[in-house]
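As structure tokens, the structure follows; a few thoughts come after it.
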Amino acid sequence: MNFINLIDYAGTFAFAISGIRLASAKQFDWFGAYVVGLVTAIGGGTTRDLLLNVTPFWMLQPSYLIVTAFALLSVILLGKYLIRLNNTFFIFDAIGLGLFVVVGIEKSLAAHFPFWVAIVMGMITGSVGGIVRDILINEVPLIFRKDIYALACVVGGLVYYACFQFHVSPVISQIASAVSVILTRVLAVKYHLSLPVLKGHDDKINS
Amino acid sequence: MNFINLIDYAGTFAFAISGIRLASAKQFDWFGAYVVGLVTAIGGGTTRDLLLNVTPFWMLQPSYLIVTAFALLSVILLGKYLIRLNNTFFIFDAIGLGLFVVVGIEKSLAAHFPFWVAIVMGMITGSVGGIVRDILINEVPLIFRKDIYALACVVGGLVYYACFQFHVSPVISQIASAVSVILTRVLAVKYHLSLPVLKGHDDKINS
Amino acid sequence: MNFINLIDYAGTFAFAISGIRLASAKQFDWFGAYVVGLVTAIGGGTTRDLLLNVTPFWMLQPSYLIVTAFALLSVILLGKYLIRLNNTFFIFDAIGLGLFVVVGIEKSLAAHFPFWVAIVMGMITGSVGGIVRDILINEVPLIFRKDIYALACVVGGLVYYACFQFHVSPVISQIASAVSVILTRVLAVKYHLSLPVLKGHDDKINS
């Protein structure tokens, strides 16, 4: 297991924990919480792989299912104590997001799609899991209203593109892109930055 | 850019506007509204392309992302004034729907599926975007309860099939099919036609 | 039409009825109820086939659309009387579930995936339809909170795997696996067995 694997598992764990904890607030049973945690962790990458027409990544090795099982076990055993670790999870989650975005970009480029598709796929990899999680617990997806989440993925994609244009080496590009995602997230949460809310039109239109 | 492109962009714009406006009623931020608008515009065609196992259409050219960006900009800049244009949007939306249905049918036939699959794909192309939009804003999908929307897509499919059976030329078939979708929609909304509501059984069953 | 077909249609019918009845409780129109019934019946297998990258099963023959139409017709004509048949539907539903799980497992093995993927696909085949149904009617998915549904699919998968390890013949393996799903469901409902609920943490975390 190398360094990238370690980050990948930490990110998966953090994503799964976020799904399991929100499921527990809705009185889901253990198995339901496991499914929500798993979907949060793998939903983005699965959507990306279906769009790219490659085998979904989690079907190639069971580690994502196992990491999610550990996440469920942690919440069952340590529930109350985990709440104190919110900041730790936030950091895991941000690091995982950075990695997921980079993986999404590189898989799309490897499948010979242009850069703008790769940037969209980076965003899909990072944010679709959280959207499906919120649909499953029957809430309006959080990331549409708060905290610059999907946009952080786009920032990472643009940084990757800039590195590519200036012939930066792949490793440096990956690090710069992931770090820009993480920094955007950390700054947005720390300073409560958000995008403007679109002014409400409470009429519904016919469609 | 030819005439079909023009209709395609107008339809995409109208679908995106419907998503963005409903998102704004839920206090989504700009990026969240953009995503909802995009999913409304491309969700149906993306589902169709995944089922047909072809590359999703919007990954082949960036125009759908750009048209959606213009839709967002319009709502941000012109919000209040757009409401007065409801009828214009309704017409765009109906024309877009007619086109989307025809595209869905022809793509399915080109992939060598039988006609009944093509009719279902026409319906999926026209209506899944609106369904996913309503799921994202956490509402019961409108089209299941009102205004003969999905059924208009099926009418278009049946007209296309009738034209085929009578050896009508492709161009005339396309026009007849699209016009039948548009007419069904316009008549349904103008005369408040809807399908019967299924009588409520308020018991829930075990499943 | 052989015996397997018969079970397949009975299961499809029972799944569709469950979707149509829940849709009717939300005042859906006939077509909306049909769509919800169809998605309940074919949603699991469609998700499986997209993940396995094979043509969705219902696009190869129109029987699933026809069976769903009969289910809609039954609810329209017999609505009130159907309620008395709850136990019959529960048995159909359980038998259909057993068959769907076995089909999901065998299709995955035929596509050369390992056993743990096949077990997940058996579960997806059996339970995703009900999850999408509940999302469409804007409720928190029932199976995450009640009655050991998805877990029954996993039990069936483990029994199939055990049969395989002990070189049991395919037909016996299929029957043992399906029966174990059905028994788990029947016992869970009869004796109100459920998994523990995950303790609620009503704080929301930043992600």
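Read from first to last, the chains carry the letters A, B and C; within each, the first residue is number 1.
Quick note on the criterion: contacts are C-beta pairs under 8 Å (C-beta built on N, C-alpha and C of every residue); 3 or more make two chains touch, one makes a residue touch a chain.
Bear in mind the structure is a predicted one, so any value in this text is a computation, not a measurement.
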Among line, ring, star, complete and other, the chain touch graph is complete
Comparing which residue numbers chain A and chain B contribute to their contact, where sharing over half means same and under half means different, the two sides are different
When centres are defined as mean Cα positions, the distance from chain A to chain B in whole Å is 29
Note: chain B residues in touch with at least two other chains are 50, 53, 135, 138
Contacts from chain A onto chain B in the complex sit at residues 50-51, 53, 113, 116-117, 120, 131, 135, 138-141, 143-146, 148, 150-151, 194-207
In their shared complex, chain C is touched by residues of chain A numbered 14-15, 18, 20-33, 35-36, 46, 50, 53, 55-56, 59, 62, 65, 75-76, 79-80, 82-83, 86, 89-90, 93, 130, 135-138, 142, 147, 149, 189
